[in-house]
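Every chain is named by a letter (A, B and C) in the order it is written, and numbering of its residues begins at 1.
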Amino acid sequence: MTDTSFVRHEMLAEQAPPLTSVGVIGWLRANLFSNWWNSILTVLSLVFIVYILSGLIPWTFQSVWVADSLNECREIMIATWGDTHGHACWAVIRERWLQLTFGFYPSELYWRPILAFVLLIIAIGPVLFPGFPRQALYVTAAYPFLMPWLMWGGTIWGPLMVAAGFAIGYFAHRFIEPILGGLAALIIAVLAALIWWLVLSGPVAGALGGAIPIGIEPVESRQFGGFMLSIMIGVVAIGVSLPIGIVLALGRQSDLLIVKAICVGFIEFIRGVPLITLLFVASTLLNIFLPPGTNFDIILRVMIMVTLFAAAYMAEVIRGGLAALPKGQYEGADSLGLDYWQSQRLIIMPQALKISIPGIVSTFIGIFKDTVLVSIIGLLDPLGLSNAIRADAAWNGIYWELFAFIGAMFFIFCFGMSRYSMYLERRLRTDHR
Amino acid sequence: MTTLTDPPKESFRLSMLIYDTRYRSMTIQVVAMMGFMLLAAWLINNTLTNLATLGKPIDFGFFSEPASYDINQRLLEYDSRDSHLRASFVGLLNTLVVAVLGCITATVVGVLVGVLRLSPNWLVARLMTIYVEMFRNVPVLLWIVLVMAVLIESLPAPRAFRGEDPAATMSFFDSVAVTNRGVYVPEPLFSRSLGDISVFGEASLRFNISLDLILILIVLGASIFAIRWNSKRANAIQEATGDRPTTWHVNLGLLVVPTAVVLVALGFHLGYPALKGFNFQGGTHMRNSLIALWLALSLYTAAFIAEIVRGGILAISKGQTEAAGALGLRPNRIMSLVVLPQALRVIIPPLISNYLNLTKNSSLAIAVGYMDITGTLGGITMNQTGRELECVLLLMLVYLSISLLISAVMNWYNNKVKLVER
Amino acid sequence: MPSHYRETGPEADETAFIRVENQEEVNMKKSVILGALAVAGLAAGAAHAATVDDIKARGKLNCGVTTGLVGFAAPDAAGEWMGFDVGVCRAVAAAVLDDPTAVEFVPTTGKTRFTALASGEIDMLARNTTWTFSRDVDLKFTFVGVNYYDGQGFMVPRELGVSSAKDLDGATVCIQTGTTTELNLADFFRSNNISYEPVPIETNAEAQQQYLAGACDVFTTDASGLAATRATFEAPDDHVLLPEIISKEPLGPLVRHGDDEWGDIVRWTLNALITAEELGVTSANIGDMAAAAGNNPEVNRLLGTEGNLGEMLGLPADWAVKAISVAGNYGELFEKNIGENTPIGLARGLNAQWTDGGLIYSPPFR
């Protein structure tokens, strides 16, 4: 035997990985050129990107920001670059962005929609973000009354009277329940609130308004426009449709045949027709369906129809939330001896609504995007305003810039909300697994 | 004497309607029903009162009056002397055309994008993400208007094709003209045509069916039947002897020869579009409004479908793929035999609702002047006759029927796919 | 709300009752905003008062205009509506409410305008609407007069070398949908036995875009609209208006059937503007002329320095003075918004006073 050994006694020094598999080259190879098919795709994508950007970047940045009319824009372009093609005239946005944002809202009152928007964020904060100060819930409770007052203005007594209706209903329920039981108390409470709203609140508000006239300058809803209108319609529709949607979803799940049939019929009808037909109803028929002499202005009518539209979708979202709850939750509630409303209020709804939040957010995104349809019936939302702006002799013939601005604004809003919704889904998923 | 008596019969008290669970649900239902009926009666009463005040009782008579307007893109013959009903019918078919085309393209693009978003190619995946986010987060109406504007601005006008040295030329050997008014393509013509059969005579819903087309379809059907029979025979021989006779040449012959014979017999030739006067004449064409609507709806819906497809594929656990790989299946077989069938069950229900959305969104045709049912019945007809109630209700009814039909068909299909699960 | 009502200034006593009623309505509206849809039922009680009383109670005139047509109605950057039709609205508001800014402009489309008027959402419609038999009789509107005599014309690019509409066989025609133009167009081509391909478009701005890009050969709409549109082109001289005018389009303000008092007010406000031009009353000299009765009895009657025409309308004696002072007489309105010195550059043509050979003719103030 020789002492020849083929066993290595010491470790080899680590070698750097081949240049082709690390660093930039390695990353490129792994992610862009892993095989011939991917290489082709990469090259095609690059060509596409370069093509788009080569047109878009000069258009966006070699542009005119200060001009009073499209013709002036064109003169400046010719003076600067020699031609009018491939250059944006952002001057129109510079001149009209306030109008595109607030519509015809009186400019000295812009603080009101802005305040309403800030309050909106505070109001939904506690619902959307776990770390938000809980005190904000007071704002949430007050918001449904505060927002219309801020936006429409007028006497403070109107919204207060409406709020008082809820208080009356609540106290009626509190006091009658021990005497007559749950259902009767509920019916009486609802009746009391309705009577208050329909019969008493008007004169009382009038009297109070006469005695203590607290109010801010009223603004007609016709003066709403631009993105403010879109957001308003979206927020009102989602806010009001939430309770309606809950009722419809419960109705659809209920064992009561007639109630179920009515709810299913309503939901499927609304979901089966395009929003534009509902807007036609708002613009041409709603007044015919209501008692003679009733007259809301068109924006209120649109809000009503969009709310009904949203309610059907909301009902389906909440039904999804209800269906996602394990059956044990229902059985647990029953075994505790809770009645239907108690179990809904204490056990089912809090969980179902929490699961539904991503769905509600996407419904909101959908409704918010759909609000541009109101331009078809002549409302001046951003898209409708773009037509009105083009009817101004100064800006006749301009459109890419307006479309780009409107599209970008919608993108920022909706993208932000959809990101939030995804974040929420991730958070909820960890909660439930 | 004491006799056993039945326990005292509980007399019915009115309060039991509320407190006794046996009756309570009944009470609620009756109350709900009454409330619903009252609401309906109230609405109908209001409507009738208002209509009487306006002097416009419900009347569908206007449907038989001449429509007096023209429609540019249509499947049926129509002119301005035809009735409003006929115009609505033309519009309905236009709605269906764009809905069907849109659903097909949206599915193809959506699946492609959904798969590519999962591609290992970093750039492609990012690009697809940008596409999806851009389309999902901007209103579809804006996309429709934008695509229309792009088509109008970027494509050449027909007059660019004119002259000695035209600025634009026709593509595909001078057979297809792409203009900013639409795309003109050759049309099939038959010099020894069998003619048409006219269905419904002179009624508003009349339409013609080309006998040539029927004949070709019959022959094609027969060929396919023969091919299946031939394949079955080959299978039988393979079962019996272990050798499979080559079938492809017979199948190809069965498919091509009879059809070709029929086409020649009918005198098939193509009618090419040519620039005459203001426009291309001859051939058949698809107007820009249709293309813009179709493209925008497809791309918009495809962005949603892509997300659904991606979600569906991701929902299939990786173990499935690995197990299939362990069985020795190749990647494309894994996709088609293992992953997709399972993913489909996740994909189909949301896919249905996207098809519904696309169909409903097609009502935005009005923004680009494509004469769908909203443009005819809910647009010009409503406007010219002033019959808003009748037109809008009918319009809703039409969309509702289409929606319910699509849901029904797709649910049936969904249930079929579901059965496999068991 | 009370402050709002105080702004409208002193009103006749009988409106006080309505004011209270309206106050209730406003409060109800508030509730509706908050989603109590059922409230609508109660508003039913409010009787439909005369339009002019409604307007006075409201303190605002609701006037339907287009969503935007160059020269006729469009909002500027400050949200102020400008234009020829807008001028008519403002004159009526000045006559009734003594405040030309007390107008709520309601943008309407070709589709929504008639329902908006019929449902009472707007008090009058000044949206270059053609006076036709069926709109008057079947749709039940009262056209109070004509503020612009128009007709449907054609515009084509000069390079096409077309000189007559009869040469348009096979052409692609852009039309604004929802108006009488598409019916006229169908009739014209049909009666001349030539074919065409219609491209219906919702708004004038989009029609213009398509026309300029060559997506249609011809743009047809009212001749005034064509001129207005052409004026804003980058190169207006590259386009010609064809000589044919294929329809009569008398455009004018309209109100609902059934309230003749209100119809009279709008009619005579328009007539006052027209008569003012005829009699040489302008925004410049109206102050002097209205200060004291002059030599011309008709001017005196018009301006309320003589007779009681205002009272007959239920308006103050100087109603016409207010209407005319807003932006001047008919001719001044025309010149300022669509006349030859504006970018739109329309000649008076048919719309000259009858004394100048035009059709603008007001019945006498007597």
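Keep in mind that, in the parts below, a residue touches a chain if its C-beta (ideal position, glycine included) is under 8 Å from a C-beta of that chain, and two chains touch if they have at least 3 such contacts.
This structure is a prediction, so every number in the text was calculated from the model and none was measured.
Ranked by how close its C-alpha mean sits to the mean of all protein C-alpha atoms, the top chain is A. Comparing chain pairs A-C and B-C by the number of C-beta pairs in contact, the larger count belongs to A-C.
Averaging C-alpha coordinates per chain places the centre of chain A 28 Å away from that of chain B. Taking the mean of the C-alpha atoms as each chain's centre, chain A and chain C sit 37 Å apart. One simple way to say how far apart two chains are is to compare their mean CA positions; for chain B and chain C this gives 43 Å. Counting only residues that touch two or more partner chains, chain A has 284, 287-288, 290-292, 376, 399. In chain B, the residues that touch at least two other chains are 54, 149, 366-367, 382, 388.
Shown for chain C are the residues that touch two or more other chains, namely 41, 111, 115, 202, 209.
Residues 70-71, 74, 84, 95-96, 99, 103-104, 107, 144-145, 148, 152, 154-155, 158-159, 161-162, 194, 197-199, 201-203, 205-206, 209-210, 213, 215, 217-218, 220, 222-223, 236, 240, 283-284, 287-288, 290-298, 300, 303-304, 307, 376-380, 384, 387-393, 396-397, 399 of chain A touch chain C in their complex.
Contacts from chain C toward chain B in the complex involve residues 41, 110-111, 114-115, 118, 134, 138-140, 159-160, 168-172, 177-178, 182-183, 185-187, 190, 196-202, 209-210, 213-217.
Of all residues in chain B, those touching chain C in their complex are 42, 54-55, 68-72, 79-81, 149, 152-153, 156-160, 180-181, 276-279, 281, 288-289, 366-367, 369, 371, 375, 379-380, 382-384, 386, 388.
Considering their complex, residues 18-19, 24-25, 28-29, 32-33, 36, 43, 46-47, 49-51, 53-54, 119-124, 127, 133-134, 136-142, 145-146, 149, 356, 360-361, 363-364, 366-367, 374, 378, 382, 388-389, 392, 395-396, 399-400, 403-404 of chain B touch chain A. Only residues 30-32, 34, 38, 41-42, 45-46, 48-49, 181, 183-184, 255-259, 262, 268-269, 271-277, 280-281, 284-285, 287-292, 365, 369-373, 375-376, 383, 399-400, 403, 406-407, 410-411, 413-415, 418 of chain A touch chain B when the two sit together in their complex.
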